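Below are the structure tokens for one structure; questions will follow.
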Amino acid sequence: MKKVPIGIDGIDVMLGGGLPFGRCTLICGGPGSGKTTFCVQFLYNGVTKYGETGMYVSLGESPSHLAENMASFGWDIEKLEKEGKLIIVDASPIRTLPGEVRIGKLNIGKRDFSMLSLIEGIRNKAEENQVKRIVIDPITTLMLQYPDVSERQNAILDLMETVTDLDITSLMTTELRATSLERQTQAEEFLSHGVIIFHRFTELGRVIRAVQIEKMRGIAHDHELRPYKIMKNGIEIFSKEKMISGT
Amino acid sequence: MKKVPIGIDGIDVMLGGGLPFGRCTLICGGPGSGKTTFCVQFLYNGVTKYGETGMYVSLGESPSHLAENMASFGWDIEKLEKEGKLIIVDASPIRTLPGEVRIGKLNIGKRDFSMLSLIEGIRNKAEENQVKRIVIDPITTLMLQYPDVSERQNAILDLMETVTDLDITSLMTTELRATSLERQTQAEEFLSHGVIIFHRFTELGRVIRAVQIEKMRGIAHDHELRPYKIMKNGIEIFSKEKMISGT
Amino acid sequence: MKKVPIGIDGIDVMLGGGLPFGRCTLICGGPGSGKTTFCVQFLYNGVTKYGETGMYVSLGESPSHLAENMASFGWDIEKLEKEGKLIIVDASPIRTLPGEVRIGKLNIGKRDFSMLSLIEGIRNKAEENQVKRIVIDPITTLMLQYPDVSERQNAILDLMETVTDLDITSLMTTELRATSLERQTQAEEFLSHGVIIFHRFTELGRVIRAVQIEKMRGIAHDHELRPYKIMKNGIEIFSKEKMISGT
Amino acid sequence: MKKVPIGIDGIDVMLGGGLPFGRCTLICGGPGSGKTTFCVQFLYNGVTKYGETGMYVSLGESPSHLAENMASFGWDIEKLEKEGKLIIVDASPIRTLPGEVRIGKLNIGKRDFSMLSLIEGIRNKAEENQVKRIVIDPITTLMLQYPDVSERQNAILDLMETVTDLDITSLMTTELRATSLERQTQAEEFLSHGVIIFHRFTELGRVIRAVQIEKMRGIAHDHELRPYKIMKNGIEIFSKEKMISGT
Amino acid sequence: MKKVPIGIDGIDVMLGGGLPFGRCTLICGGPGSGKTTFCVQFLYNGVTKYGETGMYVSLGESPSHLAENMASFGWDIEKLEKEGKLIIVDASPIRTLPGEVRIGKLNIGKRDFSMLSLIEGIRNKAEENQVKRIVIDPITTLMLQYPDVSERQNAILDLMETVTDLDITSLMTTELRATSLERQTQAEEFLSHGVIIFHRFTELGRVIRAVQIEKMRGIAHDHELRPYKIMKNGIEIFSKEKMISGT
Amino acid sequence: MKKVPIGIDGIDVMLGGGLPFGRCTLICGGPGSGKTTFCVQFLYNGVTKYGETGMYVSLGESPSHLAENMASFGWDIEKLEKEGKLIIVDASPIRTLPGEVRIGKLNIGKRDFSMLSLIEGIRNKAEENQVKRIVIDPITTLMLQYPDVSERQNAILDLMETVTDLDITSLMTTELRATSLERQTQAEEFLSHGVIIFHRFTELGRVIRAVQIEKMRGIAHDHELRPYKIMKNGIEIFSKEKMISGT
């Protein structure tokens, strides 16, 4: 199976070279776990190290905030965007509001997106720009539009199929609610081709961070928890270190 | 009682020879626990070691992805399929969508399956091809169509009866949501003839995997948890090793 | 109070001779805990050791599967049935389906039973055959027909009253969902005259099985947890051994 | 405050002499904890030791079963009843059934009681017989008739007020669902004048029983957990012994 | 900020002199934790030590039972009431019953109160009698009238504002459901100016009681858990002792 | 990225200088954790140390109570308000009441605010007064107006966007319900640019307080838990001390 390197040594070692080509991997983590940083790193390395055009579909952060945040790691997102090597799609207005919301001079959001137009939009922009890597960050807000569990699963599958049909390697982020290793797994984890979890828990008063490849179909991979840190130049994963204790 | 060997030494030892002939066994496990790998191994060994035709009903993965994934273990699924020794049924379009979903040139899934046509389809294809082993992987999506607990139990029973009436030995997979040994058992576990669980939990920072025969009616079997690994050539079960600690 | 021996030494010792005559005892256990085996042993011993006619009302397993399973313990269920010493009632078609279910040549279940016709049926067959011991296994499926808690309790009480009014000693099985000793007790446990629990939990990597008489009105009994095993010739209970540790 | 002795040394010592006169005390316990035994002991001692007429309102057990069960402790309930010293009210038919339930020759229960007629009935019988001690066992079934939390609280309060207005010392039993010391307290516990809990939990493989006076308004009392046993002649409480460990 | 002494040394030390003048403090505790005793002590000391008129709004206990209970601590509630130093409002009939409840000669409760008439009543009686200290015990029953969370919060806020607007220092009691230190905090705790918790948990078989000032806006206070006892003359708090272990 | 110092040494050290300019940070904590104190400290220091006008939007406490509480730390809120350096918006009447609430002479609250008028109001007042720092405390009551999860998320996002669009650095407070480190993270934590948590848990009988920067997009920051205390002059954070143990 063809591998797509993330460009972060530790995780590529754990994956035996990289992510499976053309597949969709779920990135799970709590608030502040570095999910977005990891995903941008995947796109940034794609452009700068491997010459692959990337696309970032933002469902949370505004593009200007994203650029500011990533600048702190020394990554110039806006430059890449201008050069046409990184496509930023601001899908944050996807929200389910009852009717239009306009008060005085204040107009809160355009809210003109929908699930299906999002799929169509991703498809068109990706083909137009010959995109090789896509990040959808996060899918949580999107999923809230589907209160019915069964419909929600279909929505996730439709989104995954769209990017998979285009032979694009993709990451989607989702929220991890539990703050310990004991938890209920989420439906998305069963539906994805692969799942990488960014754990954070507190032990003996210290905050411990660990990355775990929970699942990666078709690829022999490291199953252990490995420590990671958010450094000045992005996420670093220590693929040869072991966790000493865990809950 | 006649036994049907899985062809994985460890588990056949634990079962005293194999699965009970013509019965339905539930395979429970979390994401990345190797449920699908185990099931395909059951079918693959059926064809190559015991000359029995198998059928894989996919309710999750697309057949091409499945083939790719299994190739990593050295199993050529597509070759067996061409030779008529393995029947692959792509039932992944079984989804409950409100109305048709068509947007521009994009047509998301055929969605023409339903529970009863699935049962009918399995029955016809199985008789036509003299199938001896069936895998339905996973039943979770299917079950979501039945929000009422009582109806869901009937759906599971109907599916089990269908394959049982055909004297076919079958495996069905289901998702294990808990990440520790302490959990609530699921209705499917009570309804099945047998239950094999692929546990994964984290202890002292290490990820521990263990297989357990929770239940196997009519067969004296090993009740202990036994370690297993996902190796280059499939799942290996260490039926003589003991777990040292749990929870 | 008159005692009815189960015919398994360990449990009869714990009960000070046997179950209270004409009462209904609940048997709780997880999947694979041996509930059905224990119940059939109660009936089988009734016929072969004490010359009492038994009745097994199956709400889960098909009679042919039951016979196969029990054969593995050396018990010839079908022979006893032919001799009129054991009455097998196949009540598994009791299911709540919306409308008839017929597709092509496939007819899924007769579904002609209902709670009240079941009660009537048990009553008639029991009187006709001078039944002394009844097993209803499991009551769970039946209870699912009553989503309202209050109605469900009445249904359980009606079923219990029916067999109690006939002066028949009975066992009913129910599912134990928790996999540890810490759990919520179920309504059935409060409504029954007696409750025997088949626990299974995992400790230090070992699967531990223990039987406990949680409740037995009107009979002085052993309150401790005692280990049990599922052996070649049925369940064996070690009434003089103590559990060393329990969660 | 006037005290009403229960006649079990251990608990009377813990209460500093007995229950508060004319108040309602809640008895909480799991299945098999001895709630009913304790309550009957309170009534039996009332008659035989203190010459006070008692009334037992049964909402669960049939009177004949109760008599049988109590006979095992050497208490002749039926004799006391014939002598008019113990009034047994069989309120077990209080059930909420939709419509009449009659099938063939089978007539399931009279079901002619209701909450208010129960209150009226208790009042009339108690005044007529100059009852001094009342037991209502258990109130759980009754409470299920009130799905609304607020109405349920009123029903409990109405029942308590009825017996309190009559200057009768009363016990009501309720079910304890948790099997460990960590639990959610129930609304009834806040509404009662007093609460006595019969705990049972499992530790180091041993079943441990402990009685605790959780609350007793207006009476200085022992707050500790004290071990108890169900002996041949009823419940015995060891008011001077301490529990060694508790979860 | 002006302080209002409770008159119990330990807690006044913990509060640095007393409760904040004119504010509303929530008293949380399980059944039997001494919430009512503490509140009455606050009122009793108000009258006898500080010459301040008090008002006790009873939403649970009947006034006569309250007087009896408090007599056991040597407090003559009825005498204070006759002298006009303590106003007792029997608000226990506040219950939401569907329609009138009258059966035969039995008339269950007056049920003529409502939330708004309660507020009006408190206001009028407090102004009329120049009340300085108010206790509302407990607010739980009242809150059950508002199944909607948002409305319930408003009801609590309205009640608090009423007494706060009158420059009266007040206590309200609420039920603590958890029996361990690990719990979910309740909405009332966030809405109150101050929160004092009466914990009770079981450790090493001993019942441990501890008082904790969880919150007290505008006042520097002791944050630790301190042991307390219910003594012959009321609650005693040991503000200089530490708890040794917790959970 | 431009930093906005809070003016509390410990937290500014943890943040590497201060909060990110123009972003919205969530302050989570239990009752009595010092959330409000921390926020007012941020505004007070803004005015007195950095010459920046602040705005406090109160959704819980009345302005007069707030002033009283803060006076205990030596902060004269009302003086700053008169000088026009601190704008206090009393938004506490935002409550969802069914219809008008007027009884006799009593008029409970003005209740004329709504979510959108709040947004409009904040916008106008902030522009008018050239506000640089905003605190909204707490958002919980506001969120209760949106029972639908999806709408609630939009409401939070709208509120955040409003202040973010104005280039104002803001804090919003929310309630932490769990009393241990193990908990479910809340939706607000995922939606915010930054999250600071004020933990309080009990260990070995001692109350332990710790502050944690859970998340701060675009800023390298300290991830550890650090002890804090509520002192006479406000919150003090010990950024160089470690917690020794944490559940």
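Per-chain residue numbering starts at 1, and chain names A, B, C, D, E and F are given in the order in which the chains are listed.
Methods note: contacts are C-beta pairs under 8 Å (C-beta built on N, C-alpha and C of every residue); 3 or more make two chains touch, one makes a residue touch a chain.
None of these values were measured; they are calculated from a predicted model.
Separation of chain A from chain E in touch steps, taking the shortest path, is 2. Identification of common neighbours of chain D and chain E yields an empty set. When the CA atoms of chain E are superposed on chain F, the rotation angle comes to 60 degrees, reported as a multiple of 5.
Taking the CA centroid of chain F as reference, the farthest chain centroid is that of C. With each centre defined as the average position of its C-alpha atoms, the distance from chain B to chain F rounds to 51 Å. Separating the centre of chain A from that of chain B, both taken as means of CA atoms, is a distance of 29 Å.
Distance between chain centres (mean CA atoms), chain C to chain F: 59 Å.
Touching of two or more other chains is recorded for no residue of chain A.
Chain-to-chain contact here is organised cyclically: the chains close a single ring, every chain touching exactly two others.
Those residues of chain E that touch chain D in the shared complex are 30-32, 36, 60-61, 65, 68-72, 92, 95-98, 101, 103-104, 106, 108-109, 138, 140-141, 144-145, 175-180, 202-207, 209, 230, 232. Those residues of chain D that touch chain E in the complex are listed here as 1, 20, 23, 116-117, 119-120, 123, 149-151, 153-154, 157-158, 161-162, 164, 181-185, 189-193, 195, 210, 212-220, 223-225, 242-247.
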